[in-house]
Amino acid sequence: MLVLDNVHARYGSVNALSGVSMTVEPGELVALVGANGAGKSTVLRTVSGLMRPHLGTITFNKARIDRQSASEIVKLGIAHCPEERKIWPQMTVEENLEMGAYLRRDKAGIAATLAKMLDRFPRLHERRRQMAGTLSGGEQQMLAIARALMSAPQLVMFDEPSLGLSPILVQEVVAIIRDIYKDGVTVLLVEQNVNMALRLASRAYVLETGRVAVSGDSRDLLKDDSLLKAYLGG
Amino acid sequence: MSSQRLPLLALLAAAIALPLVFRGEYFMHLMIMVLFYTVLASSLNIVTGYIGQLSLGHAAFFGIGCYAAAMLTLDAGWSVWTAMIIAGLAAAVAGFVIGYITLRLDGHYFVLITLAFAEVLRLVVINWEEVTRGPLGFPNIPRPSIVLGGEVMVDFSSKTHFYYVALVLVVITLWAKHRFVYSAMGRASVAIRENPRLAQSVGIDPFYYSMVAFVLGAFFAGLSGWFYAHYISYVGPDVYGFGFMVTMLIMIAVGGRGTIVGPVIGAAIITIVVEELRFAREIRLSLFGLLLMLSILFFPRGLVSVPDLLRRRGWWPGAGKTGTA
Amino acid sequence: MTKTMTGLATAVAAVAVLAGGALAQTDTIRIGVIKPITGPLAFDGNNSVNGAKLAVDEINAKGGVLGKKLELVVEDGQCKPADSVTAAEKLMVRDKVPVVMGAFCSGATLAVMPVAERNKVPLITGVSSSPKLTEAKQSWFFRNAESELMTAQAFAAILYEKMGLKNIYYLAVNDDWGRGTVGAFKETFEKIGAKTMSIEYVDRTANDFYTPLTKIRAANPDVVIVVAETQAGSIITKQARELGLKSKIFGVGAWATPTFMNLAGDAANGVFAGVVYASTATGDANKMFVDNFKKVFNTDPGKYSAGGYTTINVIAQAIARAGAAEPDKIREALTKTDVQAPNGRIKFDSHHQAYGWELVLVELKDKVPHIRATGVAKSPYD
Amino acid sequence: MLDVALQFLVNGLVTGSFYALMALGLAMIFGLMEVVNFAHGEFFVMGGVVAYAFCNVLGVDFYLTIVIVVALMFAFGAATDYLLIRPLRGQHLLSTALVTIGLSIFLINTMLLTFGTSPQGLDAPFSRKPIIIGEIVITEGRLFAIVVGAVAIVATHILIQKTRLGRAMRATFQQKEAAALVGVNVERVYTLTFALGTAMAAIAGVLLGAVFVIHPSTAELATLKAFVVVILGGMTNLPGAVAGGLLLGVVESLWGGFVSTGYMDVIGFALVIFILLFRPYGLFAPRPGR
């Protein structure tokens, strides 16, 4: 479904990715783990079109997307739930969600998805007329996830969804991601919380300084203590 | 960075020799204006180029220097040379006060508050006739003279005298700027410009260094005001106006902000371009506006970056790597 | 390293261009002109240049001066002191013109005066009106225009004695000319016993004068002396009518020009203006000037056009009398000026201040300035 | 005294309507897009100059002229953003500031050349006759200025709050990356915002010609005043810009009326200093809770 082939990217003159190759098959839940600064977020940013790789190709459903704009990529069915939530603080919760469906034109479909989201996230339902900036951190994270799903994507990419959340909320996030996956949406998950990620995912890639160091079945990786120590500092 | 020193010394030698080679008062006048604008633009560059703050109030310090010089020599009867020191100091004190108030604001707010200070000052100068002589300003500001043992040694009757005074000011300005930029303090302020958060985390107080830059910039703006007052011999409220502000901004942007030579190049190019565009008569300023836009679009880092751009395309000798600026 | 080399290369190129020097031209006599050609004062500046051009064309059609044609070298000073000085340096040093007319605004002229002094080139203004310019005796500066004091002295008497206007309110643009004129009028009026009610200063480029006019309406003076140029003046006239201001309006500035009267429209009816020049003035010299000006520029001349025209005639006469287009001889000849201008017979006094204009007080009616009173400008010094 | 005070108030509202329109446009360009736009006053005057060309020279109906000016200046604003501002997006404040300074020098002098140096009025279908309400004097043209100001402000409010484009604008300026990630074409939003700000200034320019006279020299003071008002209202607060404009108009008028007209222009700048030191988020916004 999503194929990255030898992707290079850089910020100014600093190399961030130096030849990342990976695939995500339809219906999979793939984790992307690695130490701070390994380039995990950069992978997602190049896929969603926020950054342009200067070398290599990215294809989605066999079509090249590495030269397409962010909005074209969203239209193809990729949603990116960015790190640090990045909700719109001075828009209401409902407006935030509606913006998630910005490119969709089917009014009935949007209404249905919105109803589903408000149903799945009762806290958001309660606060839907409130400014998003007034929500708590956990609520903002829920909002960011729900917003990503509003575009009815085939593939959704999460960037550190558990960051800064209490253990109870982390469990909540895990449950939500599992639900999404069960609904048939393909998931690419970037996480610092390696344990959680590997438990959720079927396959995983370990990134080190801009390249894939190890990849494989997440259960195997989870068992391999030395590997985790070597690449993840944990 | 010391690679700038040799060509600068060569430039200085050329500048010293210039009046011996070319005579012609009009030409000397333009060269004096170039030197004057070099001091003025360099003083702004200390603020805008090195701490990265766009100060639109800089003309106020220039204006304070002009008025201090005019009032001290005409109304108080002081010597031109004492007035020079006071003009610089008065501007520096104003810089201290305004800097103290404004430097805690960032980006866009800083732009506007400095502009507001300059405008308030300009309007006060126009309206407070009793002290500032209002819109008509001060004519007949005396020329400097050097008196030794009761005898006039240099009477500044020719442009060459002013030329060398301006050259001395340029050298002092650039030297001070160089000292500031390559001091620990200067390196710190570059760090602040590049990344304020990082600078703070390694224990640099951006406010303190910004203050030093701001006061230093104000001081040299005041000095250039002193020079302007005595050279042009007339000072009116227009010295506080937006015209001078825009001119120095254009000079540092076209030359290259955040470099020592940038404002020198900018002052030379702009003074000469404006003069050479005289042939265009009425459309002179339209053309100038157009050239300015093109220059910013194609050389956003100023003309000092031209050799780098050419080198990257292999049109200029030297390694194909990016330089530091 | 190479960065600085660019600077060097540029400097060398610039030196080569600038040091090239001027071509000496012998077939024409060149007269330097410094005016605001661009910027906010360009309108009035260009009007002045148009008057000068007409004078040059007329003189050249009659064979020029000393057998040579006159030629104007117009430079833009933008009314800024620094720019005007640079323009003067170019004209006097590089182009070596023997005489310069300029630099419009009093501030710019003050800055240019020392340049003329140093280069020993006569400088004549046909506009700048600050009394300060001629306070000290000048050797190289001449003013072929009325000073603010002369205007005030000529009109204050008429307004106070003939028209019986005793309570005066001032509304003036907040620049050297506005403040200088108010000062001169106030001084003159108070000397003869009129009362100053108050003064309002407004920005030259402002659009809305309802606030000062509301104040003036409440004070209800006998006359409002408005010191403003075309733009502000025409708006003030209109807005004063809108607000129903009952006081008389006396305008100082270019108020009797067609542009002004067109802009102000009916509102200008009944407005008084003190002008050194009105296109409706009688006399052959003026009739010829107006006819020729209309032929070339398709509009009636105003104050600044007349100023430019007269100044060139003064200069041409001086060159002819000097017998050579040399600065010192022209300066000598200028002191003996006796020119029949469209608006009077012009001579210079000991301060090089011209006098002899027929100052006219006009009332504007249906886009025509009707002459109500006249006086002759006297020298304030001799 | 009261009658005069009321007249000052109405005078202030007329001036304030101009300030509000100018500031609304600048709040988009400077407040939202963070471009220090020194050509804003020129956009304003250009509105008047273009209106003059259609209304006076070509004899187009005045109201139709307004529509044409808005359309043309919108296109001009879009082109300006595309050619001059977009290439410098993300660079230092100074770069965009300088480009707009270049643009303003170019526009003002080109207008002086094409439009002429003489001030001109617009052939607007308004009677010059004063309307007298009690002690207050107003004219049709001045009333029209207030009405157009109000309409433009309401229309902007609807656009920003209720339309898809408005929502995309708010999303872009609150959190640019998130907007891109839901499919907003951020670059296009920037261009449209710049165009909208330009058109808004141009409307004020048409009113200028209808009520006062058009002259390029008006531009510089207009730019400065617009900046002042944007700060009073709070950079990104569009309703604040409107309120700030009306407030500045009224305060200036009262100050000029009761204190001194010479110092009238000082108030705005003094207020800016005061506000930036004590309420940098503007007069009308609650302290941001971030």
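Observations on the model:
For reference, chains read A, B, C and D in written order, and residue numbers begin at 1 within each chain.
Throughout what follows, contacts are C-beta pairs under 8 Å (C-beta built on N, C-alpha and C of every residue); 3 or more make two chains touch, one makes a residue touch a chain.
Nothing here was measured: the structure is a model prediction, and the numbers come from that model.
Set against one another, A-D and B-C show the most C-beta pairs in contact at B-C.
The centroid of the Cα atoms in chain A and the matching centroid in chain C are 73 Å apart.
Inter-chain centre distance (chain A to chain B, centres taken as mean C-alpha positions): 51 Å.
Chain A and chain D, compared by their mean Cα positions, are separated by 42 Å.
Centroids of chain B and chain C (each the mean of its C-alpha atoms) stand 34 Å apart. Shown for chain A are the residues that touch two or more other chains, of which there are none.
Each of residues 126-127, 282, 284-285 in chain B touches at least two other chains.
Residues of chain D found to touch two or more other chains are 109, 112, 220, 262, 265.
In terms of inter-chain touching, the protein chains here follow a pattern that is not a line, ring, star or complete graph.
Interfaces, counted as pairs of touching chains, are A-D, B-C, B-D, C-D.
Those residues of chain B that touch chain C in the complex are listed here as 3-4, 6-8, 10-11, 14, 18, 22, 24-27, 29-30, 33, 126-127, 129, 134-137, 139-140, 157, 228, 232-236, 238, 243, 256, 259, 261, 264-265, 268-269, 272, 275-276, 278, 281-282, 284-285, 303-304, 306-307, 311, 316, 318, 323, 325. For chain B in complex with chain D, the touching residues are 48, 52, 54, 101-102, 105, 107-109, 111-113, 115-117, 119-120, 123-124, 126-127, 242, 246, 249-250, 253, 257, 282-286, 288-293, 296-297, 300. Within the complex, the chain C residues that touch chain B are 1-8, 10-11, 14-15, 17-19, 21, 37-39, 74-76, 80-82, 85-86, 89-90, 92-94, 106-107, 110-111, 113-114, 118-119, 130, 132, 174-176, 178-180, 201.
On chain D, the positions that touch chain A within their shared complex are 164, 167-168, 170-171, 174-175, 177-186, 289-290. Every residue of chain C that touches chain D in the complex is listed here, in rising order: 38-40, 42-43, 46, 174, 200-208, 210-212, 214-215, 218, 230-231, 234-235, 238, 241-244, 259, 263, 265-267.
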